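After this come two complexes, each holding subunit A, first together with subunit B and then together with subunit C.
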Partner chain A sequence: MRKYLFIFKSEVMSNLQYITNISISFIGIFLMLYIFLNLWKFIYSDPNELINGYSYNQMIWYVIFTEVIWSVVGGRKMCAKISEDVKAGNIAYNINKPYSYIGYCLSTNLGLCAVRAMLYIVLGLLIGLLFLHSFPSISILEAIAVFISFVFAIVISILMLTSIGLLSFFIEDSGPLYWMYSKFILVLGTIFPIEFFPMWARGILKYSPLNAVNYGPATLYVNFSWNSFILVIISQIVYLFIIYMICKLIYMKGVKRLNVNGG
Partner chain B sequence: MPIIEVKKLSKTFKVKIKEKGIKGSIKSIFKPKYKTIKAVKGISFEVEKGEMIAFIGPNGAGKSTTIKMMTGILYPDAGSIKVIDYNPVKQRKQLAYNIGTVFGQKEQLWTHLTPYDNFKFFGAIYDIPNSRVEKKIEELKELFELGEFINTPVRNLSLGQRIRCEIVASLIHEPKVLFLDEPTIGLDPVVKENIRSLIKRMNKEYKTTIFLTSHDVGDIEKLCKRVIIINNGTIVLDDTMENLKYHYLNKKIVDAKMREKVNLEDEEGITILKDKGYNLKIEVDTRKRSVADAIKLLNPDNIVDINISNIPLEDIISNIYKKEDKK
Partner chain C sequence: MLTEVKNQIRVMALSTKYSLMREMLNKVTFISNVFFMILNNASFIIQWLILFSLKEDLGGFTLKEVILLWGVAASTFGISRFFFSSAFKLSDTITNGKLDAFLVLPKDVLLSVITTDVSVSALGDMIYGYIMLIVYGITVENFITFTILTICGGLIVVSISVIFSSLSFYIVKADLVSDTANSLMTNFATYPDTIFKGITKMILYTIVPVGISVYLPVRTIIKFNVYNFFIIVVLCIVLMTIAYMVFNRGLKKYSSSNLMISRV
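Our next item is the complex of A and B:
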């Protein structure tokens, strides 16, 4: 475990050098959120109105929360990096080290996400405060519980993206798969909560990984209850295990097909 | 007892082939065609503990594939490998704790961190207690003269400094075998020499077995006592450097500047390489003719200046490659 903590620490140290670059992406996140805030303002003609069980304030905090998760993970680059490592054979230089490659990916990407999270959480809170002039009513203990769920969401997302990236062992380019995954996650759960979909779809979506990677933790933040927390955390632990096993299986099968020609 | 044992090792790659043009691209979607490339064809060799061995060959000969199989990166199709009593296929992780690798063309260090932080990182991934890592860093810092730049981010180091740090990073866990894949590539002659002497010192101080691949004859000549030449996936020569030179250096090059024109023709043991009237370059096969005979043919009184030299090792090795290619 010490080695993975060290990999995490090294990645944090390394990314702190890029803090200005990371901060520049504030502009993109701000613009994105500004568009959504206005969109929802238009939909909610009356701020006290409830749409599918969400007040205007809850809806805005929901979108801010899921957008922060989305930006912290920054899936496209993460997936492309793993995919490129597999295709170009760079993965070979990680295989001959005494650590698990999946553990290495998880630690490095968590290191990167940790630096982004420090900045984006503050940014998200400031944007929310600027537009809504208040925070969701949540105690410190509940905030800690939400944060735990947030971390689980990030870990599960990283494992999902690692699995997609590792599929490059079998297909020429995992980019199209990532494209489908990202659009699925963006529409189902990031922009719109599950309650906005037809009844028949809600049942499926509630038991899908969406509950673990965005919808679950975001609803906890806007409408916290300990019962929901337990359900979300159980679903996150189950999905963490399932996705880790899938990721490991893809890696184990894929690494035997590794083709590294030349020096 | 050998520290590395390779027996009848083979590896084949399956590579997709595509006919030219857009038609070929569409065809390859529906009916993909593959060809198999036999990268390594049943090679066997052994390396003794503490040996510094050169494993050389032209591009595409199978060197890197062999190293990658020996370090557990690639799975062999057939044959067996034992490195320090470990089977790289089944005990990759255990083996990783006991070997070090330096790939001259690939950075292993974290470029945004300093060499010191990198060494601490490598210490942690090899599960070495912190106090031991500190001691080792101090020791290697002295040996590899890193004092001046140990706290400078790797991205700001020169290539020579970076390679020194790469080697140190691969030694933090005191590996028994070190695989050096073109460690001096891209370096200037002074830095090359410096790296070579450091590798020599490291081999002497820690008795580390060194398995070196390089296209630089200087690396091979100055570091290794034994050389294995691989070409087209098979071993074409496995001999000591001394024997290689003895068997192949029986040819001398005589470069002479003459007072008057000499009309010489090829004869047994003597080959005219260049004849520009007053300047002659001849090759003497000392198994058939002595150098003195060649000088007599030129007439010593007619010689203004003369230079007798061995055939460069580089030419010997490329001749071996060419000979094998013709087969």
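Our next item is the complex of A and C:
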């Protein structure tokens, strides 16, 4: 465990050197949030109106929270990097080291995500305050619980993206699979909560990974209850285990197919 | 002069052809890239079905108009990314001295740089655009209008990228400006302009002209208007001319330390 902690710390230190670049990349998130703000303002004719149990403020905070999770993970580059490592054979330099490749991916990416999270959470809160002039009513203890769920969501997302990237062992380019994954997360969980879907779809979506990677933590933030917290954490632990096992299986099967010439 | 233009177009066509042939070497990857991009774009229908179940009309846009909006946006994006993929990496090309390799070519530098690569997935965007036009209700008239206006839209998007990327001749971190402009052009294009008001709307029709590349073409396809059609074509030519002039003016400032790269 100490070696992974060391990799994590090194990655945090390294990324702190590029903090300005990381901050500037928030412009893209701001633009998306601005579009959603305008869209929801148009749909909510009255700010006090409730649509599927969500007020205008709750809706905007939900979108801010899910966008922050999505951007902290920054899946496209992460997936492309793992995929490129497999395709170009760079993975050969990692597999003979005294650590697990999955553990290495997790700790390096968590290092980057930690730096992004520090910035994006603050910037996300500032944007919310700027647009809505208020925060959701949440105590410090509840905020800590939401943060725990947020960390779980990040870890599960990284493992999911690692699994997709590792599929390059079997198909040359895992990019198209990433597009599908990203649309699944963005369309079904980021833009609006599960309650906005037809009744028949809600049941399926509630048991899907969405509850673990964005819907669960975001609903905790906008409408906290300890009962929901326990349910979200249980689903996150279950998904963490399942995704880790899938990731390990893909790696174990895939690495046997690895063929690197020269170097 | 005419022979020179013809030659330049021939070189651009050959460059695109060979880039495409290179990408088609692995047929499975090629087809999956195109197919998944179509599927990727189609997933947004779910988002709009949900939104229209909440409100039937978004400032004059119903699901039918949004489908057309997506078609125009995807096709515009596809044309710009497929034929001129390198225009969106121009800032990096300038900043890292990669222009050297193009300066020695006996052809126009800007056109050589921006047509040096193709993006296969953008082919999926172009196909998706026409699928959306079929869903909307294709006719001979709107097919022709759609084709001409999305080509103009694609050229406008490329021109904007070239203009903002050319700032890299003068300032170091210009890639941030060009990336932001490109993001604005893409992100705003898939939402009806009726949800934006005031200064945002003004920006969308001036500094970042998504209004000219997507919104106005959509209105023109819905209800043909010669005046709008003429505006789009003329503005496309104006923006292309500005982009060409801005790049070539900046090129005079270009200097590098003789970067050695190989273009495979």
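We take it that the second predicted complex is superposed on the first by the 263 of 263 C-alpha atoms of A that agree within 3 Å, B and C clash if a C-alpha of one lies under 4 Å from a C-alpha of the other, contacts with A are read in each partner's own complex, and residues count from 1 in each chain.
Please note the rule applied: a residue touches a chain if its C-beta (ideal position, glycine included) is under 8 Å from a C-beta of that chain, and two chains touch if they have at least 3 such contacts.
The shown structure was predicted, so the numbers you read here are calculated from the model rather than taken from an experiment.
Once both complexes are superposed on subunit A, the partners subunit B and subunit C fit side by side without clashing. Within the superposed three-chain model, A:Ile51 lies in touch with subunit C and out of touch with subunit B [touch as defined at top].
Legend: residue contacts after superposition of the two complexes on their common chain; A:Pro98 is shown touching subunit B, with no touch to subunit C.
Shared-chain residue A:Ile204: touches no atom of subunit B or subunit C. Centred on subunit A, the angle reaching out to subunit B and subunit C in the chain A superposition, using CA centres, is 80 degrees in steps of 10.
By the touch criterion defined above, A:Arg2 reaches subunit B but does not reach subunit C.
In the superposed model, A:Ser14 makes contact with subunit B only, not with subunit C. In the superposed pair of complexes, A:Ile237 makes contact with neither subunit B nor subunit C. Between subunit B and subunit C the least C-alpha distance in the superposed model amounts to 5 Å. Counting contacts by the rule stated earlier, no residue of subunit A appears in both its interface with subunit B and its interface with subunit C.
Residues 24, 27-28, 31-32, 34-35, 38-39, 41-43, 51, 171-173, 175-177, 179-180, 183-184, 187-188, 191-192, 196-197 of subunit A are the ones touching subunit C in the complex. The part of subunit C that touches subunit A in the complex is made up of residues 26, 28-29, 32-33, 35-37, 39-40, 43-44, 46-47, 50-51, 54-55, 58-59, 121, 176, 179-180, 183-184, 187-188, 191, 194-197, 200. Residues 2-3, 6-7, 10, 13-15, 17-18, 90, 92-93, 95-99, 256, 258-263 of subunit A touch subunit B in their complex. For subunit B in complex with subunit A, the touching residues are 13-15, 39, 59-60, 63-65, 68, 71-75, 92-93, 96-97, 99, 101, 103, 105-106, 108, 110, 112-113, 117, 120-121, 124-127, 153, 181-182, 213.
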